[in-house]
Every structure is written in C-alpha cells, then in structure tokens.
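Letters are used for the chains, namely A, B, C, D, E and F, taken in the order the chains are written, and counting of residues starts over at 1 for each.
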Amino acid sequence: MSIAVAQVRRDFLVAFRARADAVHPVAFFALTVVLFGLSMGPDRQAMGELAPGMVWVLALLATMMGTDTLFRRDFEDGTLEQLLLHGRPLFVAVLAKLFAHWCVTGLVLTALSPLAGLMLQVPAEGLPALAGSLALGTPALTLIGAIAAALTVGLGRGGMLAAVIALPLFVPVLIFGAGASLAAASGASPAAEFLWLGALLAAALTLAPFAVGLALRVSQEY
Amino acid sequence: MNRARRGRLAAAVFLLAGTAATVALVLVALNENINAFHPPERIVNGTAPVGTTIRAGGMVTPGSVSRDAEGLGVTFVLSDFQGSDFPVRFVGILPDLFREGQGILVTGQLDAGGTFMAHEVLAKHDENYMPPEIADLAAHQAADP
Amino acid sequence: MADPSNEPLLCTRGLACGVNGRTLFEGVELTLSAGDLVEVRGPNGSGKTTLLRCIAGLFTEEAGSVRVRPPERPLYLGHKPGVNPMLSALENIRWYLALEGLSRDADVCRDAVDTVGLGRAGRVPCATLSAGQRRRAALARLVVTEAPLWLLDEPFSALDDAGQDLVRSLIDRHRDAGGAVLCATHEPVGLPDAGRLELPG
Amino acid sequence: MGRFTTWFHRMGSPRWFFDLSRPWLVGFLAVGVTLLGVGTVWGLGFAPPDYQQGDSYRIIYIHVPSAHLAEALYVAMGVAGIVVLVWRMKLADMFIAVTAPVGMAVTGIALLTGAIWGRPTWGAWWVWDARTTSVLVLFFLYLGIVALRQAIPRADQAGRAAAVLAIVGTVNVPIIKYSVDWWLTLHQPASITFTAAPAMPPSMWVPLLINMVGFYALVAAFLVAGLRNEVLLREADAQWVRDWLERAS
Amino acid sequence: MSIAVAQVRRDFLVAFRARADAVHPVAFFALTVVLFGLSMGPDRQAMGELAPGMVWVLALLATMMGTDTLFRRDFEDGTLEQLLLHGRPLFVAVLAKLFAHWCVTGLVLTALSPLAGLMLQVPAEGLPALAGSLALGTPALTLIGAIAAALTVGLGRGGMLAAVIALPLFVPVLIFGAGASLAAASGASPAAEFLWLGALLAAALTLAPFAVGLALRVSQEY
Amino acid sequence: MADPSNEPLLCTRGLACGVNGRTLFEGVELTLSAGDLVEVRGPNGSGKTTLLRCIAGLFTEEAGSVRVRPPERPLYLGHKPGVNPMLSALENIRWYLALEGLSRDADVCRDAVDTVGLGRAGRVPCATLSAGQRRRAALARLVVTEAPLWLLDEPFSALDDAGQDLVRSLIDRHRDAGGAVLCATHEPVGLPDAGRLELPG
C-alpha cells in the first residue's frame, strides 16, 4: 500500500511543480469550448441541441491529450525503468499514478463541465447528467488512454499515435456518455446509459492496470 | 556583397513585399461588407434563404408591436425606413431596450409566408447617453423645429 | 545483505541477444558471487547496454538464460539517470526508497544526497542542474539501495574527478559488504580483482 | 547604445527603482482610493439615469475604466517587451511579470461587467461579436503570458520569451479598439473620443473620468508594489537586498 | 536558396521515414470527425448548419497538434542548435521547414475536408468554400502555431502550453474561415471572408518566420 | 582557412554568465589564435557548458563581450549530438553541409562517415545506433566543417578507445590547418601545448 501512497504523493508534487503542465488539459478544454462557440455562426438554438455531445467530445480530447504525457516524461528521464524494476505489484503503482493523474485532469474537467455546457447553450436540465456522465466517463477514458500511452511511450512520437490507437476504444464510452447527456437535455431518462457507463468503468478499472503494466514492459524494448 | 548583408537585404525585401500584400488585401476586404446579417431589403426581395437559420436586422416600426393576450408571444415589424419591412414573431423575454424605433438584431428562420420566426432578439444600443429630461427636450426640438 | 546460501548473485548461461536478426553477442556465461566486480568492455555498438538491460529484465534475450538470485532484484543505472527533473534530488530518492520498500527516513535521504556531493543543489528541482549534477542525483540510489547486484552502464560519464572517485568508493564499499557489480565502461574502473568481459562488437 | 549603457540598464535599474519608488506607491494608492471613492459614489448615487437604460447603465462606471485599462496594460506590456528584447532592461522584464496577472484580472472584470450589462440591454449574457470576442482573446493572451513565464525555470529567459509573446499579441489591441467601427457589432461605438464632443452630458462623463483616473492610479499602485516585490525576489542574492532586509527587520 | 531546398528535402525525408508520425494530424482529424458524427444524436439538420464550423475547429485542432512536434524532435536531438548556428538567414530555413510541414498536414487536411464535410452533413454548395477557406487558413494556422511551438520547445511540456499560447492567435483565422464556409453553406457570398483570410495569411507569412526565429533563439536558453 | 588578418579567432573580455541571479563565472578572458587548444576544466555544475554555449551564441552573457572573428561562425558540438534519428549519418551530414553552404558532394559525405568509423552503420537511421555510434555520427561534422573555431563539449563521452583517438587526431589536424579548439572536458585531452581554463565552480 505504501507504494501507492508514495506514488500518488510524488505525482501530485510533480503536478504542483509543473503547474502549467497540469492545468493544460483543463485550459485546452476551456479554449476549445470557446472556439466552438466562436465557429458556430448565429444559430444558438441548434447549438444547444448538439452541445452535450460537443462538450463530451471536447472533454474526451482533453483527457486524451493529458494521458499522452502520463508516462512520456517518466520514460525520458528514466524513472519509468526504475518503476518497472522494483519488483512489487506493478498494477498498484500504475493505479496510483492514474488516480493522481485523473484528479488533476478528469476531475477538474467534470467540475468545469456545467460552465462549458452553459457557454455552449446546453439546456439547464441537461447539466447534472452532463457532469454525472463525465464523472463516470473520464476515469474510464483515462484508464483506456493510459494503455495507448504506455504502448507508444518509447517511440518519441507526439501524442498522435496514442490518439489513433486509443480513439476506437474510447468510442463506447463516448456513445454512452454523450447519449446520457443528450437524453437528459431533451428530457428523457438517462438511467440506462448511466448503467452502461458504470459497467464500462468497472471493466476498465479491472483490466487496464494490468494491460498498462504489460504495455510498459513491452515498450521498454523498442 | 557579403553573406550577412545579402541575408539582411533578402529579409528586408521579403518584409516589404509581405506588408504590401497584407495592406492591399485588408483595404480590399474593408470595402467588401461582411454579411453578418440580412437587411430588410434582402428579406423582402427574396435574396435571403427560406427555412435555414439566419440573422436579420432593422428598426422596430413605431406602432407595429402587438403582444399576445396570453403568454410571452409578440409580433412586430422591422424596417429600414426606406420602404422595406417585414413582420417578426418572437416568443420569450425581450431585452429592456426593446422599444419602437430601436435597432434590433433577430435570429431565426424565414417561413414560407415571409414572417421571420425569431428565437432570439438582441437590442443594439448606440453611443448616446443622456438624462430623460434632456432626451425629452431633444425629442421636442426634433418634433417642432 | 550477505546471504548464507551459496547460490551466486548472478548466473547467465549461453546468453545471446540480437536486434532485427543481427546477433550482438552469444554464449555469454557470467557468474557473479559476493564481492565480484566484472567490467564489460567493447567498442561502440558492441552490445554492452543491451547485455545489461537484458540482465535487468528490460530486454528479452534471444537464447540462453539469466538467473538473478531470488528474491532480490538488481539495481540498474542506465544511460538515462532515472531522476525526475521537477523534483529535487532529495524528493527523487524518497520516491525511490518507497518503491524499494525501504525506510524513507529524512536522515537517510539527506545523508545520501550529501554523500554524492550535491549539498544545497540537492534541494532544488533537478531540471536546474548540470549534466554531471543530475548524474550525481542518480548515484544517490547506490548509496541507499539494498540490492546485492548492481548493473552500472557507464557510471563515470559526465562526472568530474571527484565524482569518479565517489563511484569507485561506492563500488568498493558495496563489494566489501558482499555485493557484486557488473559495469559497462570504456575506461578501466581501476579497482583490484576486477573481472573482464570483452564483447567483440 | 554602447555596451556600458546596456550594462548600466541591466545592473543599475532595479535597485534605482526600488530606492525611488516607495513614495510613488503611497501617492498612487492615495490618489487611486480617493478618486475611485468619489467617482463611484457620484456615478452610482448622483449622476442622472439614462433616458433609455435607466439605472442599469451605471455599470459603465466600472466597465469602461476596466476595459480601457485592460487594453492600456497590454500595450504597456508590448512596449516593455520591445525594451526587454532590444536593451535587455531587467526592470522591463519584471514589469511584464507583474503586469500580466493584473491585466488578466482587469480584463476579467471588463468581461464580467460587460456580460452583466449585456443581459438587460442586449438581451443576452454573451454574444460572439467582434468587440467581445477580441476582448476574450485579450484575456487568453494574458493567460498565455502568465502560463509561459510560469513554465520557464530561468527568470531572464522567461522574461525574453514573454516579451516575444507580448509583442506578438499587441496586434489584437487595435482590433479591440476599432472593431466597433470596422464591423457590425452589437457593442456600441465610442461615446467619448478626443476628436468630438462626448455623446453624454458632463453630469455623466465627469464621474466616469474621475473613476477612470482612479482606476489607473490604483492599478499603478498595484504594479509598483508588485515590482518592488519582484525586484527583491530577483535580486535576493545581491548585497544591497540583504542590507535592506536587515534594516527592514 | 539552396538552404531552403535542402531543408525541405530533409524534412520530407524525415516525414517519410516517420510516416506514422506525419499522418497523425490527418488521422486525428478523421477520427474526431467520426467521433463528432457519433456523439451528435439524431438531429441531422441542426448538425448540417453547424457542420462547416465544426470541420474548421477540428482542422484547427489537428493543425495545432501537428505544429507541436514541429521543432520538438529537432530540439531534442540537437539539430535545432545546428540550424540556429549556421549564420545564414534563419527565416528562409524556417519558412522551408514550415512549408514542408504544411504539405504533409494542412494540405492533406484541405484535400480531405470535403469528405469530412459530407460526413457531417454540410450542404453540397458549402463544400468548395470549406476546402477553399482551409487552403488559405491552414498555412496561416501552421505559421501562427509555429510561433507558439518555438516558444515552448525547450520546456518538454506536452503540446498543451503551446496550445494555450497559440489558440488566441488562431481566433481570427477561425472566425473568417468558419464564417466563409458557413456563409457559403447558407447561400451567401463568402468573398469578404476570403479576402480577410488572404490578408491574415499574408500577414502571417510575412511576420511569423521572423517571430519563429526569434522565439527559437530565446527558447534555446531555457 | 588560415586567415591573413591578425585578429584572433576568438576573444572574450570580462565574460560573465549567471542563472537566476547566481553568477557562474565572471571575468573570463580568452584569446584563441590559429593552432590554439584550450581545455575548459572544472567540477560538475561549474559552468563549462554554459560558457561554450555563450560563445556559440546560444546563451546570453550577463556582462563582458564575446568576439568570434567575422565572418566565421564557430562549430559547436554539445551534449546533444545534433543528429536526426530518422536519418542515417550520411543523410545527416548532407543536410549539415547544405546549412553551411558547402559542397554536398556524395564522396565528401561518404568519406566523412567512413572516417568516423561508422561504415555500414552510417547508412541506417541513427535511431538504431548505440549511444557511442550516434556520437560518432555527430563527429562527422568535424570532418567536413570549414569553421576555424571549434567548441567541443565533452567530445570523448560515450566513445570507446578508438573513438577517443579519432577525436584527438581530428583536433590535431584542425590545429595544424590553422584552426583553434575550445574543449570542455573532465579528463585531459592529452595533446601537447594545450592551454587550460579552470572554472572554480
């Protein structure tokens, strides 16, 4: 357990030191929301109908960009090697790392999503479902994105390759997440979508840490 | 000419040419009006598309505002005071500045009958501020010169 | 640390590695017991780094076997320092101790950072350190570790004379305490009783 | 400019500024607080209401000064940026460091008051017209400078990078200023210009002017205080700072 | 001149060797278009009206992600130092680099945009203006993005910081670009927007190479 | 290369550099004329790299002046090799020649790559080379350049014995041809008539 605590502590400390880095997924989210608002022309009502989906896609993109740097820095300075060598259960350390990362990205995105929704004209009754679906969805996205990030970490490519690998896996999360918020915004009950989201999160939480560990080992050898 | 001098000359020529091109394009562009909205004339003569969301603007024709007996519905006529005007229908809360003679921007769709079904009404305010008394005075002066 | 069992700390049998079908080395037979020091020598590109990573478990061998005496894991110090640039040397070593499951006593960390000669430079984020100072921050791991087998890849690189002496004394102390060291390098370590493995390249 | 003068600028200025600026701080603060008090009470309490907007126009007494200041601060940063790059004057670099967050806050106030004012007058909190959008861009430019400075570990280099960004961003300022004339915006054109009589009576614009000057003075006081702080931080290793700290404590 | 040719040749060669890397902005564009299509719910007409703006935002994001890696690789392996040291007009080399980069990203995006437009229900009459505005807009985006990329290259942060810096400068390009396509899609003439886009491109082309050069010099010292 | 004018190749006067208000060195007075070799020595973190980068124009001095004889620019070989990993050593050197405005003759490139001992390894993308081989790819610049002033930052690092001898012979040849070399290093270069600049650290 102490290894999880130490890892979380370290990653929070790093995030705090590299503040600019840690808030960037969030800044990216805010900026893209603004860009979408800008580009949409005069039709505010049509926008409101589509907006929950947009917010979801933007949150997804922001999460994805965040996961990209998740292991890269550690790979480059060699601390990832040390993490792989220590011989205690790797998935605990991985989970701790992902948890710390989610706290400074997904959680903040979730908290900001109602504001973003307002800017993009989401009807007020859709906002709780939007935030709720993101609260369930962003951890799943982080977990899935981490697999792609781990696989590509050694390649020194920008986040693009990871994005291409992860996006197909993101699709189910996106469909149910956006579905839940769209349903709520148009007055329907989003219960079914929420259950699916929960199932996806549970699955990701169970499998992803092991997949990430494996992927990290493999990518050391590129 | 040595290498460094030649480099600087190239940079200067490049900068000059680029600036000239930019200025020329801006000047042409400023002459071209951006169709941010459709003036009454275009709505009336049928240039504005029917059934898609557009933005239109004009002045509220004095005496044309009629509110529904029930609910928030309101109908009024927008005009350019040069012979073109068209009816607008809106359901919702109007801005404080909405009044007769005021410049207004509406967003919505033109229906087949030529009525503009607005889902948003914005009031444009000009740069003049004055106390009500002076405004009254000015209005009187304008009325009887 | 000195283990009563007679099993050697490291034992490879017929080890071979290659990349893209080209064999780098084959038939490497290494046995390291307590107190051993073996230098891996060879021209650039001969596979020294690959051999060390293979023993550490970071690269998969083509043939043969590697056995590190369980339950131990080797300490690996590679080309990359393994030091997070946003954290100070002190904070880095704390994290490493937690990974290894060792005591994270503040004194232990401070001693380690002082031992490698960082002093005040050990309290600022490593991003602001020079190449050699960052390398020293990595050496602090050698001070605190309890792993009996060390795998060092060019441990002298970027270090000034004092730094090189420091590495030598750390290796010495470790051998005295019953550890073993496998060290890839281009210049002799300069310690007595050193074995030598030549990779032909 | 000779090497000696350059050296003089880099080494001499912060200390010179620190020694001289204490009275400025007090003066700006006093003027700012007084004028803001007078202008605000006059504007909110005694100026006449508007013939169309009634009392809601009174937000002008915060909106216009903050909006104006937001632009002015950015221009000042751009100028400081040129000074940093050409003469490498440390004080200019510190000025950017101190101004960026203040400018961001002031821009935030302008945006917020504009949005609050827009709801009753225009009928919408926010519209994407040229004026509002360009001010939002200004806000993000400030944000970019703050973030960039924060990310760079070396202070001098951070200053130069921020200077580049400050200079590049100044193209936005004329756009903000003239957007209301160039394009059709929902935002009104200028009421007060240097070339024509104000489009409002003195009973309205005098308190506005007082508030404007007050705002400028208050922000100047903030900047001086911030700069003094920055000088101490940046020169912490210098002997004169140690001496000063000794005397202060 | 020969320096420009050599730089373009080299960058094409690198792009070809690191194919996977070069096509990623394009792959990102394609995938996000699909994601948006997926997340938008059933209202196809509302979508059609907004779609030109969406395509534009997605193209902008893709370009931005591309510019991020523009100098990073060269910085890390030290070739950027060599580029800065050679003592010939730097802006020529920078222009050459940006040209090569635009060819493998912006140009391809432009070519793909009609397809993306069709997927997101852009009316057929809007497609030429969409592609045309991207043809003028993406080079401007690349040039502007390069300034931000150059400023942040030494920091080892993901592309986030660059994004935050560049996005405000992107806004005018986006407004006129999306404006042109929206106008054309709704049957109006996009001439004015095109002129503005041209002016922006000319300005970016004139100033950006110098700004990039300056920024690269500054960021060497971080 | 031998210039008739009598101006020295490099001349610094009262050069000082610092980071974040801390001065690393000050009052550095260096004059390098044709045939000079000066070793910059000093403990880790003393500012050797900073000095070299400052002379190359990659770092801004705090005080003093640097003058490299115009119109020449120095050659700088830093901690980073300056070699694109996607390109082969051959392609890298071709690009470098174009930057310098020199002939990009295929023979010249091939000779350079062979001289630094890469041979067949000079034809594959540098990403697949070992640390020392990549360093050799960077050394190829020393073979082709016409810059009279060389700034070398730890040129021996990661090189095997043959590689170190190669660097020595390149420096030798360059001095004979009227060039000058400023070299930051932790071990003596081992060439005659070497000057020495000690940075106190």
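The criterion applied here is as follows: contacts are C-beta pairs under 8 Å (C-beta built on N, C-alpha and C of every residue); 3 or more make two chains touch, one makes a residue touch a chain.
Computed from a predicted model, the values in this text were never measured in an experiment.
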item: For chain D and chain E, chains touching each; value: A, B, F
item: Copy pair chain C, chain F: interface residue numbering same or different (half cut); value: same
item: Geometric centre: closest chain by C-alpha means; value: E
item: Pair with more cross-chain C-beta pairs in contact, given D-F and A-C; value: A-C
item: Chain A and chain B, separation of their C-alpha mean positions in angstrom; value: 42
item: Chain centre separation in whole Å, for chain C relative to chain B (CA means); value: 73
item: Distance from chain D to chain B - Cα centre to Cα centre, in angstrom; value: 31
item: Inter-centroid spacing, chain F versus chain B (mean Cα positions, whole Å); value: 65
item: Two or more partner chains touched - positions in chain A; value: 18, 20-21, 24, 27, 31, 38, 41, 43, 46, 73, 76, 156
item: Of all residues in chain F, the ones touching two or more other chains; value: 19-20, 60, 71, 79, 85, 101
item: Residue numbers of chain B (touch at least two other chains); value: 3-4, 34, 53-54, 120
item: In the complex with chain D, residue positions of chain C that touch it; value: 125, 127-128
item: In the complex, chain B residues that touch chain E; value: 3-4, 7-8, 10-11, 14-15, 17-19, 21-22, 25-26, 28-29, 32-35, 49, 52-54
item: Residues of chain D defined as touching chain C within the complex; value: 153-154
item: Touching residues (chain side chain D, partner chain F) in the complex; value: 3, 7, 10-11, 88, 153-156, 234-238
item: Chain A partner contacts - residues on chain C that touch it in the complex; value: 53, 56-60, 71, 73-76, 78-87, 91-92, 94-96, 98-101, 104, 125, 138, 141
